[in-house]
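Next come two complexes built around chain A: one with chain B, the other with chain C.
The block that comes next holds the complex of A and B.
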């Protein structure tokens, strides 16, 4: 609390000592020089222009329109095809914060279009073993899983999804990564079908205050 | 930094006006330049901060958040000739200033429905045997700065593709396509650094196929919000 009061009261007829004068002035000065607080500021007196940029929030995002491949492999989470990362951002925080993480993207299963009079059109659907192929995604913060999407199965040839999660973090360096897994329930033939991850965006909202 | 430096009056000194005025002058000049050095750590609380100083909030005419939503089905669209705007999906205008805000966050959520695809017979959803690829629908967020752009432009990162690989033998056995779609986007696409006339809408179109297959948008919500500090 920053209410301060003069230390010495002067009365008529006093011989004023410089020491008393200095004490009174120093009382206010000390408060002004680093101890002002909520009691010294008016209600709603702090406007946007007075607040330092990114004092309360910061945003880090990754977006891409470059195709990248999620190769089929039982149980293996991937974050890059070796050249292009799926989605990742790194940043440094100077204080504790809450991270709100959002990711959305769209993908397509590689396939051969086979429109036939026999009925089902796509490879895999009528072939034993491939109909349970799925792709799933998750967001990790410093290696810790925060949220995960439900599995999207092969029959949804082109699909998109969105996931959101939140996690408190301490100050320091942090990396938010999106991983994907192109897998199936049973590792049987035929061979895996690649998934092409297309337009996508990772939005990291850092809530500090 | 706005620190007041006092000019001490010492015992035995003549009380000249210069010394008194020096201290008063310090107060006068420094009080117009208060910064974080003058305020106790975590000394400011919510009462002190003006409404919408940090994040724009809804409910006032001056706020920089706008949204549209509906819980009922919108008319089916058959956009084979290019991207068609989803009816009533316009929001804005927003002020965008890349040097004076943290972000402009755009969020979209919708539910879609389309007829199932089949081979034999006739009617909506029937695939011609001459097709070489499955019909796809695409959805994207578009933007326009009314001060500098004649028409809306696509935000490439927000394009999302929808299709369904199950094609039935005939109409009786078709399986409707339905699902939801959401996007969170950090808007940075503007060529200029600032504008006060930025608008958004959502468009849908059918890709790579001349087959007209209507899609219906349900339960639609679209909003944008400025994060200031």
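The block that comes next holds the complex of A and C.
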């Protein structure tokens, strides 16, 4: 309960003292600078027009349709093919915030494929052993992993996915990066098959304190 | 002929009530509606008002100029309990109250003053409005709903209703009150007749793949988990599934049916035994098997929903997690009515026995069955209150005080502190800053002081109410459960609401001014429950039992004109009897000089009594402005901006001590041996620093203490 109540009573006949006034007014002024609560504001008393843009929320995004390659390698997380970043945004916050991170993308294994009699896409038998290959993705904030997608295996020729995560951060500079790994459980033949990352979008929702 | 000399006796500093026969002259027999302040004076005390103002009801008479007002509490029921807690380091606060109509309400001031509360709702959005959900109301004196906070949540329990935990949005049931249902494993594949589910990878699935000719068997237990991570007692042991592996390269997979949990269950934890068979033989003991027991269940997985009815078990024995320690799980004691949090552990009591149960550390809703203390025996009455202070949890019985010490790591233990004093009013236990723990017992108000540990500062119980025996005599012992207390940190007072013999519902207030260690009192406080806000405001709120004339929640403040618009504030200081009999044969008082704060034209009144007579000397008290007669200080009601008073331009002034003189006489009453003065305010404001009495004394005496004359000591 954030109501305040006067602390000094005075009435007709009492000497006019500024201390009485100040004491009662101080009761209200002590609420400024951080103590006002929902009780102090009428319902619907604050409308969106009264709030400065990005005072409560801001949005940062990365969107691309430029293909980029996820090179096959054991254990290596990559964020770029050397030229084109998979997905990354950087921004500066002036206060603590909660970051809600969303990423979606599509990709395709670069090896040719053939159709089975059932019409389901799968890799040719000639790539025996490569069925252990997989690609996985994760979102990092300042190098800290926030969320990760389950592995998508080689037999799924074309695939897409969506992941979401959240993390509280302090004010300052922050970088949100999407990394991918094209790998397999055991490093044996045949050689790795590249994955082409296609349309993708990283969305960062900053919920400020 | 010489004049009788005038002796001036200064009474300074003024102290609180002392109703013993021989009291210090600077103490008082009765102080009403006054507060001691840090400038060492007694000033007019607080009143109370509803926490929201009246509002104008726009009725049909409005256009004719008749204003009809109403208040949000006009139709409020009896408020039976009041609770305050905050989240986000105090940024979001909640005031919760319970009514005799079975309601649980949460203050919401955003639509005040007409609409000021929301009903608390449960998970299914059923409101605690006395209809959809209701709380039990008992009219006779009872312990009421108690609360504690843990992890930003408010826990409410009264021993009658289901304990609930309020997280700011909804009320949920506390923990679980019974074990989870039984998990049933079987070998049926529901999708393909009776063929078992199988897997051709020997690295997954339960049991060794080589046991194609020997039985393997597994049993399961499950627990329910609520959204606060609190785990229910584990299910009882179910029949195990027994089978043989299909072949050396193909293992069978076990589908396990699991029950769904009650409302509030958000996950279920699965525990599984190791293979119950060795070489096809059921392991029944310790024997030669390297495993110490087949009774152990190991963490298997957590199903994070309350929907799944069947899961398939593909986890081999080697990947099972930690062993299930069933002794660390337990149901919430549903009939607990008192509670406290001590060292990350919740303690509850008030059950039908002398038990104190305590939770698993950091798990406020999990009460292992072995976490129990038997406190005292049946001859000392029930456990009445729990209060954590310093390095101990204080357990009060009706006659007896115990300390629970220790910590969760090394274990808790109980000690007996005293069997002489106990607490009879659970809601009166309060910590007085710098002093100790105050509480009300059958024989008065006591203080538990000391460090509660062996530090050289002895832990002991002292009686606080010794100076006010007459007031204590008025307490209604059969209604002590109606008493409640709060700490008003703004004025340094321990407020104790007391049921009296003529009013089982409290109307009398004892005030202990803990900064100076003195008592005063006040009347007309219909308090049923009260609470101090823990924020920077530090207000004391109370709910009333009088739903007819003064219903609702009130806030205490010196800023109010009166008490709820119903009772007036009458500050009065009546001194103890000053005994002149040892120094003079008799005296004649001629003057009181009161050193008071000059508040203005509103009068201070003075009267006095002599020789312990029933009536004061004057039937009408003498009165005088609280200022010097020649002062032309502007006062409210006449001063204006730009105006003048007695030819001097009006301006702000200041309050300062002035001497107010009262010439008196009691010569018509005969010789005076004892004298008692009363100072009061004619309207409201008054502040007394000290006073002196001028008397004409008769023959002086020089008494000697008898004990000294006889060679003894002057004191015991």
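In this section, the second predicted complex is superposed on the first by the 149 of 209 C-alpha atoms of A that agree within 3 Å, B and C clash if a C-alpha of one lies under 4 Å from a C-alpha of the other, contacts with A are read in each partner's own complex, and residues count from 1 in each chain.
We adopt the following convention: contacts are C-beta pairs under 8 Å (C-beta built on N, C-alpha and C of every residue); 3 or more make two chains touch, one makes a residue touch a chain.
Predicted model only: the values in this text are computed from it and were never measured.
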| task | Answer with first, second, both or neither: which of chain B and chain C does A:148 touch in the superposed model? | result | neither
- With the two complexes superposed on chain A, say which partner A:156 touches: chain B (first), chain C (second), both, or neither. first
Next on the checklist: Let me test your reading of the model: by the given contact rule, A:18 touches which partner, first (chain B), second (chain C), both or neither?
Outcome noted: both
Max touched-residue count on chain A (chain B vs chain C) belongs to chain B
Check whether A:37 is in contact with chain B, with chain C, with both or with neither, and answer first, second, both or neither.
both
Between chain B (first) and chain C (second), which, if any, makes contact with A:8: first, second, both or neither?
second
With the two complexes superposed on chain A, say which partner A:65 touches: chain B (first), chain C (second), both, or neither. first
So the chain A residues that chain B and chain C both touch are 2, 17-19, 35, 37-38, 41-43, 45
Listed in rising order, chain A residues that touch chain C in their complex are 1-19, 24, 30, 35, 37-43, 45
Interface with chain A, chain B side, in the complex: residues 3-4, 6, 8-11, 13, 23, 27, 30-31, 34, 36-40, 43-45, 47-55, 100, 102-103, 105, 109, 119-120, 127, 129, 131-134, 136, 156-169, 179, 181-186, 227-229
In the complex, chain A touches chain B at residues 2, 17-19, 21-22, 25-26, 29, 32-38, 41-48, 50-59, 61, 63-65, 102-104, 106, 108-109, 111, 113, 115-117, 119-122, 125, 154-160, 162, 164, 198-201, 203, 205, 209
Listed in rising order, the residues of chain C that touch chain A in the complex are 47, 49, 51-52, 84, 91-93, 95, 107-112, 490, 533, 536-537, 539, 541, 555, 557-561, 598-602, 627, 633-639, 650, 652-655, 683-685
